[in-house]
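Pasting the structures in now, so scroll down.
One chain, subunit A, links the two complexes that follow: it is found with subunit B in the first and with subunit C in the second.
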Partner chain A sequence: MNPAKALGPAILTFIAYIVFSGSVSGYDLITGAAIAAVTGVLVSDFLVTDTRKSLDIRRLGWLIAYAFYYLTVAELKSHLSFAPKVLSGRIRPGVVAVRTPLKTEYGMVTLANSITNTPGTATVDIDPEKQVLYVHWLWVGAEDEEEIREKIAKPFERFIKHIFEGGEQA
Partner chain B sequence: MIEDITAIAAWAGLALFVGGAVWDLIAAIGMNRLPDFLSRLHAATIGVIGGAFYPLIGISLILLGTDIMGEYRYIAAGSAALTAFLVLLLAPAGSHALARAARKKGLYRKDILVIDQQEGGETE
Partner chain C sequence: MSGVRKVASAVALLAIVAVLSLGAAAGGMGPFFDGIRALGTFYLSTAPPQIAELVLGPSYRGLSSYSPEVVTSIVWDYRGLDTYFETAVFFLAIIGAVAIYRGIEEPVLRRPASGLSPIVRAVTKFLIPINIAVAASIALHGHLTPGGGFQAGAALAVAPVIVIVVFSRRYLLERGVTKLKALFLRSVGLIGIALVVLIPVIWSVLSGEWAWVMQNQWKPGAEVFSYPAYLGGALISGSIWFLNLFEFLAVSFGFTILFLLISIDEDTVRSCMIRGGEECDRY
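After this line comes the complex of A and B, so read on.
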């Protein structure tokens, strides 16, 4: 067992505990720390493959930047553009293949989740070996491979690449 | 100064909360109007993000910006914020499972798809 490996999940658990309990009294801090330590040790083998990456502060910065961009700009844009289509029922649906350069499991899952969570695009299947996501698109705006990638995945990939990809330990 | 910030937070939260009702209405109308399972999934997404995630964040902001619940407001605000992020992470997992199952079993209208780039997406 590696204490540094457990640190990432433990910090997350501690934050979740403090936010959920809504108090910073001594009792909550001590209980939270104890629970976080146990949880961190228990789950670290499943969640963490690269300790150095899990504690990298620059990746956290990119994650925060991504969350901010995604939750404000990306969501608002797709909500506003697809609400009229959903209301009128005038749609042009299709299943398109989106090729992605992302290789890690975390990266692909984050991309698939981001695509599904914006109205108008939903991931229906994933091929990890070919690095292709199959996306159901409510209004097919492009049929060319590059153009599809540009419209669906590019804005997210830029951030996800910095959060999860690269810097593998040799 | 502090009062200004809390007032802004409360009003922003109220806007998100009321906006959530509108998005939920749009999602419900879309659910009825759209023709097949996979396209209804997009209406459901509007209901999850615009109609559940943002209102929960809004509730959190309202509670932090006012003192309607006394000292319990931090507990409620924290729970609402954490619930919002759990919804954000878990809702797409459910969507993926449903979409993949519908796709495999062909429970959608193939005739309205203008393009289908997945070969052998359907097994039956």
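After this line comes the complex of A and C, so read on.
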């Protein structure tokens, strides 16, 4: 058991507990802290592989910045480009392979879900060994491997790299 | 079953019925009401302490369960004995399932279980602690908001189910969520419930003062014993808080046992699909 390792999941549990209870009385804070401590210890091995990374405040900052960028800029851009295609009904669908430099499980999954959650693209599968995502694209706008990556994954990878990748501990 | 045992169990059953009827006939059921509506009005106006004080005046505490959540008050206080036996029935159902599946050995794994895609696995990992937080919140606020021990237990039992579907049953067993541990925690929950129900009686025997089985707040005729309605300024509604907590343990791990028993290893399913015949006949 490693208390530092349990801290990240414990904070997540505590926030979920307080938000779901919808109250911040002394009773909620005390019971929430107790539940968070127990849950943090129970799930830490399941959830955390690198304690130092899970408690890195700069990575958290990048995560918040990414959430802001994703929910405003990325979503808007994507909607603007795909709304005309959907309305006119002129589509050119296909599945493309996107190669990514991301290596970690969380990094690749965040990229896959980011791609899925913007209109026009949906991740069908990921191959963690080959570092390839298979993406269904409503309007296949590129043939070249590098160009595909540029259009689909690059804007997200820039942030995800800072959140999950690098700084691996020996 | 031999003849003597049959007679003995019939006599025991009849004795239980007779004793309970005698208690009811002697006034052990408390006041009776004319019709359902009067009973409903009584529950609604006495369960929350503030309203009970308005309706009944200073003597309110003897009829209030000190919980603003009226359904929970009925379930764990006004008709608490009924819920107690409901829990016993659920426990027997699980014991029955454990007995049916007895002696089944864990099959040896031929290849590691792979589960669903990495996307589903990673997202599920984050849902587990959130699931636990939500279930615990339902249990610990059972005396204040709708929900309570059983609902919270059912909510927590979602966690083992999604782990079994997403990661495979083997994954859960390897991380120490085994049938034996779940059975132990379920028993802790049940013993806790039985203790909370019997503490007033034990106290009564030791002190010589009168108290009812499953008594929560003091009652007319049993004024000395009372579970604390407040703890450190927070309303915990006496025994209701403890009963919710123990029921939460008992129900969640009861369901976990069932899910572990009825699910099949990913490895076995694949063997059955590939080879067919003998592999499938086992299930």
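By our rule, the second predicted complex is superposed on the first by the 170 of 170 C-alpha atoms of A that agree within 3 Å, B and C clash if a C-alpha of one lies under 4 Å from a C-alpha of the other, contacts with A are read in each partner's own complex, and residues count from 1 in each chain.
Here is the rule we go by: contacts are C-beta pairs under 8 Å (C-beta built on N, C-alpha and C of every residue); 3 or more make two chains touch, one makes a residue touch a chain.
Quick caveat, the model's predicted, so the values are computed rather than measured.
Enquirer: Touch test for A:20: subunit B only (first), subunit C only (second), both, or neither?
Expert: A:20 contacts both subunit B and subunit C.
Enquirer: Under the stated touch criterion, which partner chain does A:113 make contact with: subunit B (first), subunit C (second), both, or neither?
Expert: The answer is both, since A:113 touches subunit B and subunit C.
Enquirer: Of the two partner chains, subunit B (first) and subunit C (second), which one does A:82 touch, if any: first, second, both, or neither?
Expert: first
Enquirer: Which holds for A:35: it touches subunit B only (first), subunit C only (second), both, or neither?
Expert: In the superposition, A:35 contacts subunit C only.
Enquirer: Considering only the touch criterion stated at the top, classify A:93 as touching first (subunit B), second (subunit C), both, or neither.
Expert: It touches subunit B, and subunit C stays clear.
Enquirer: Quick one: is A:43 in contact with subunit B, with subunit C, with both, or with neither? Answer first, second, both or neither.
Expert: The second partner, subunit C, only.
Enquirer: Touch test for A:12: subunit B only (first), subunit C only (second), both, or neither?
Expert: The answer is second: A:12 touches subunit C but not subunit B.
Enquirer: Should A:105 be classified as contacting the first partner (subunit B), the second (subunit C), both, or neither?
Expert: It touches subunit C, and subunit B stays clear.
Enquirer: Just checking: does A:122 make contact with subunit B only, subunit C only, both, or neither of them? Give me first, second, both or neither.
Expert: The answer is first: A:122 touches subunit B but not subunit C.
Enquirer: Once the two structures are fitted together, what part of subunit A is touched by subunit B and by subunit C alike?
Expert: Common interface on subunit A, subunit B vs subunit C: 16, 20-21, 112-113, 123, 125.
Enquirer: Can you tell me which positions in subunit B touch subunit A when the two form their complex?
Expert: Touch list, subunit B to subunit A: 23, 26-27, 29-30, 33-35, 38-39, 41-43, 45-46, 48-50, 73-79, 81-82, 88-89, 91-93, 95-96, 99-100, 102-103, 112-118, 121.
Enquirer: Which of the residues in subunit C end up touching subunit A in this complex?
Expert: 117-119, 122-123, 125-126, 128-130, 132-134, 136-137, 140-141, 175, 232-234
Enquirer: Quick one: in the complex, what on subunit A touches subunit C?
Expert: Checking each residue of subunit A against subunit C gives 9, 12-14, 16-17, 20-21, 25-27, 31-32, 35-36, 39-40, 42-43, 45-47, 105-106, 108-109, 112-113, 123, 125-126, 128.
Enquirer: Flag every residue of subunit A that touches subunit B in the complex, lowest number first.
Expert: Residue list for subunit A touching subunit B: 16, 18-23, 75, 79, 82-83, 86-89, 91-97, 112-113, 116-125, 134, 136, 138, 140, 143.
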